[in-house]
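Here come two complexes built around chain A, the first alongside chain B, the second alongside chain C.
Let's look at the complex of A and B:
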């Protein structure tokens, strides 16, 4: 503990999620005294590794690395060790006719579909690059005459225009569209259609027919071309590397120190108070927590104006994805799947209708009776996660609405676990006989365990009306909240969720830039 | 199941029977769902009752909200631009409330009835906004416009009338004070408030007691020249007092569509209501920026030469009209009591500082033919009508 503990810090970061760590590290690199306060014993927030049962570990929230921004790695001089860099995606078939997608190539489909996919992917990547351009910049403010905003906006327009007339029109045509229309126009193979639909809706409250699912699909590709990696040691290792970078830059990180409130005096932030009643002072407090928790709970609605509170109140932030973790004695034999294929990303999404039907109950606050599932066996690539010969499974199971009609009770959780297990057993028969231990985290559990209001990956639904200039809400889209000294740096801020480090980096840059202007 | 019939057409105030009995001209209009009299016999005569005797105006259709709960004070303090923590029980505050852009949604009066129990009165309905503003506060907002009957009793003899009605006890009632009294065994709230710029009271009672109160009031007031009035007479008194009115001097911010049509408190001469010592209130950030950068508009009170009312006239900085107009008149009248041609208007800042001379272009008609006149208008900073008795405690008999 430095002598600054009770004194004035240049900045305090609430929450040591990966974005909080990136933000803290960058501020510390710029010579600021930075304190990071984390509620849990370990850093990482939703990017952690923890023991499932003796000898078995999983990444209990985020489980694949597909968006970590090269800019973040470069500036912090970190490079997390990857156990596997580029997972293929396998859309599972009950009959063993699995469809395998690796980069541009699809196997298990007709030549026409393969060719169509190659073109679809090429164009999607082109559009995704456009999105990537905005991920690493704070969104410009609209309606100002500040040259930086105007320039930034002009650059965005120029990037779109540079696609060329036809491609620009195409981009503007599809960006608000649904993924269902796109895949049914293009592909004959139902599994291929289902797999693309699943990628578009994973982690959202959207079905394939919901508007702007083309956008969510592109967002997933924007980070790193949609390449999925398994970090060695689980997601917690990524956070550990970031924490190390923050510490060596001079940031102080205190774990097991939950923050009770962000202290406001005379209309400006002056520090934070921990649950233990300890006060830490700083005129700059950066919240890695989600916008609703930050505004409504940590600060309090009374410190903001009514219009802003209304927008935060209406922020859509109810999660829909459950996490299923299994400790396995071994792997079953499945038709058409070689041992190493278990190491890829396995999808259960029969076709676009299967995904839509899985979504239907969620509209009425009920969970799917035939859920869509993204299955991974990280222990195939990383033997540190399970004892020799044994394995762990980490799966995202959708849809499990946060606000379940009758609430998440032990009974409803068990029912959904049974449904998930039955569904998996249909596609990976024999898996259920290998189970040593299991754990299902509903969005309600994710809320309590990871301190995310609504248990939403993205801290707030990722949709065009909650993106860019209006993420999380208008009036807070440039990381600064309408309360002097208070900033957001988490997934709720632009650009959104995923272990990208982009919101954290953008927030740090914004804070440093404001200082220079002043 | 028995269902209550839905009321069709205009509502009648609990005082309607009494007003109707006095009405001779049958000039009525709709006011927030109620039928309200423009005038009962002659607006000019009614006006003189306000200035020379006692006028009684039915303000039941006024919007009234009850605000209760542990956070009621904190809630109001965030809602309005004034410091509500200093409003003691038994006191009333005139206040304005803004949206986040610092634009006035409405102005009105807040009555601190009893500890932590408030009533907010306004011209317009604002339940949506008030309800939204409760997010994060332990407070309940109830719409009680129809549950409270209210009368304004205004004019130089109103103190005498009221004293006779409630058998004294009003000597220590200061302007913007309120008292809970008993009337024929029922609760009666009396506040020293009004919209006429003169000595006056407002009476608040359960609708079931409305007619009895009216009758007793008129009995008490007979020797003091009491008269019922309509909205036209009140409007004249309002302009003389220099009070702004919604849809005249400003539009509720949430109803404007075009950019620049809403007004900030500074632009309405309500800068004195804005308390920047409060750390947070709706519109604070925008208003602080406006303080730094200057306002676009300024509300002016004008003393205009001649006797032709300047209603809807354009305002110019010089007598020659070669320049663009800098604003317009929003309310105007010949003031009988001030013997002046007065008006309220809106001009672009920095025009319109007190003492400035501006010019208004008045059009008037003589036997069908229109004429135009450029009239000199001096900006004044005091209300046109501000008698001593308005502020005196006790005000004493007239």
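Let's look at the complex of A and C:
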């Protein structure tokens, strides 16, 4: 192992998720020799496209693009092709009185609700823009005398102050609020309230009454003003474009090369060892894996201080979002839904209480018996995903706790699939008769197939105590872990999950900046 | 007291239920912010936006109370005989899951079927509170909503709530039930009716981040002043909040004294949002 000294690669990235690819591409653009090692056959991590059954393809993990940062696209000179730039959201009603949300406009509600929503949305977007300002920067460190940290903190304060007195007050009031209180203060229509609650809790272990769900709502809006796009060719196409950018910049990507461990010698990182026993050396190793996997499994707890290990151990990262995929012979006729409406984002979330009741069992490691569901039919926009006249459905079904009380078995997965299908059939009757093939991925499956601990979208709960200066944990919020040469560039790092590229870009910039300082 | 009298945008005094009117240079309300502005003032006395904020201020009834007179001291098999722990604050909590499920019942609009209690027997520390040999038990219970499914409690429901709590205590003390001489059950609604706190919430408003510090009770009015000249607040709806600590009252007094020394420190259209 001593031959490892004198690293061959300037940097090695472990995992070719979209953030790993962004990070690698930016480092390569800066003239670094970069090696990316990916366990799976294809790049992309949780942003991939794969065949569901012959002729049908889906994005099996992430399925909508709503946070990809323009900075990333600009610097990498990529622009993924979109099959649809912005989906409307339709909150489904069993009686056919659907509520339709498109941008600031909502229809199917009273005039008062529509006006209230317009104002709510406008204000939310203003606050989301404030959040967006911090997405694309490494968070400052607290309690240092480094002028960059002080400046960055001051800028944050200044940005909040610049909202003006009234808006600043409102921002400081609502940022710690829960979404339940916010929607009940404002809206009369239950479907509208339910839809907003669903957006706030999607992909989290939170219910509408849980703390800081107003913040998670704003986070969803922060990336791209709340737009929901469908990439042509599925999410895998986005990753392919990023991989192409990395390769053209000179990075080397090796797929089907799982990493066994990150090698540490004399208190610093010196490279990685693959499952096949091959060694690659570098003084800079950047992990696209989640913080727990990186620290506990790839490096090993013994290389860190106890206090740090404790914080990583306590990082909350229990996934609750299951994915349901259907290959369909056709689409049913549903009251109040035109054919093209199937192309929008369809939500099943009766009201805020429905969402809360769906969450209740998750607290006790049981799954919802009446789940909340985000349904999409991407094949309406992208005919490459299904044979002519046929369709695929991709849905997020909550809550299905990662650590199910009695463990996930074939039987419990089948039960949750039945529950999901029954629930969908209540709102989209006739869909069940069109099913050619189905697949349900529980968070446990997502952990196994996509190598994310806990199967959590964000690699770690998105909460105010796991954000900014303390994401993923205090002492590691600036992409550098407390081990020389080791960095994080995935969703577990600031700002968090969603296909944004922001953690990858911020990590690359931090690494390049550190080098210049040295 | 029925109304706070406001003329020309200035608090002038209070009108009593018996028709009498008392005038005062300053009016300081120790009532919660909702009762002060939604019940004791006219809709037009304050700006619309302020009124809405007060409407949206969250004061939620969540705890009930049982006051129990006992013929003797009950025994708790879990405690050794003569244990000094009997003199302390006692709880029956063996898991967070039970507490969380108790909260789920409240969210669904009813009282907890498996409630948790905060129970003291003050007569062990102060025998003067009951005749010799007898005891008094004070039981604070969570969760107990202000209304059942959005309407007033019925007598049957109130009795059923009391029984739920007594059963819970009896689960841990087999001789408890036989010692009961009298039970007084107080739902948040009873507390509101008797004491006048909105929803019977002991904190005059939830202690959540959006209702603390500069946000308590209303952003822009966190310094005990109100949009009405000469009207101040000093109750638990103001910073720092509830609990028998007297801090809101003392802070309010300081602000009022400061205003008195410097006349007209409450500017016109103060903090209008």
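The rule is short, and it goes like this: the second predicted complex is superposed on the first by the 511 of 518 C-alpha atoms of A that agree within 3 Å, B and C clash if a C-alpha of one lies under 4 Å from a C-alpha of the other, contacts with A are read in each partner's own complex, and residues count from 1 in each chain.
Definition applied: contacts are C-beta pairs under 8 Å (C-beta built on N, C-alpha and C of every residue); 3 or more make two chains touch, one makes a residue touch a chain.
Since the model is a prediction, treat every value here as computed from it, not as a measurement.
Contacts of A:301 after superposition on the shared chain: chain B is touched, whereas chain C is not. Of the two partner chains placed by the overlay, only chain C lies in contact with A:364; chain B stays clear of it. Residue contacts after overlaying the shared chain place A:174 against chain C, while chain B stays out of touching range.
Of the two partner chains, neither chain B nor chain C is touched by A:429.
Touch criterion met: A:309 reaches chain B, while chain C stays clear of it. In the overlay built on the shared chain, the residue A:209 is in contact with chain C alone; chain B does not reach it. Look at A:266: by the touch rule set out above, it reaches chain B but stays clear of chain C.
The touching residues of chain C, counted against chain A in their complex, run 56, 58, 97, 100-101, 104, 107-108, 208-210, 214-215, 219-220, 273. Residues of chain A that touch chain B in their complex: 264-268, 296, 300-310, 313, 475, 482. Contacts from chain B toward chain A in the complex involve residues 71, 74, 78-79, 99-101, 129, 132-133, 135-137, 279-285. Residue ranges on chain A touching chain C, taken from their complex, read 165-166, 169-170, 172-177, 181, 185, 209, 211, 353, 356-357, 360, 363-364.
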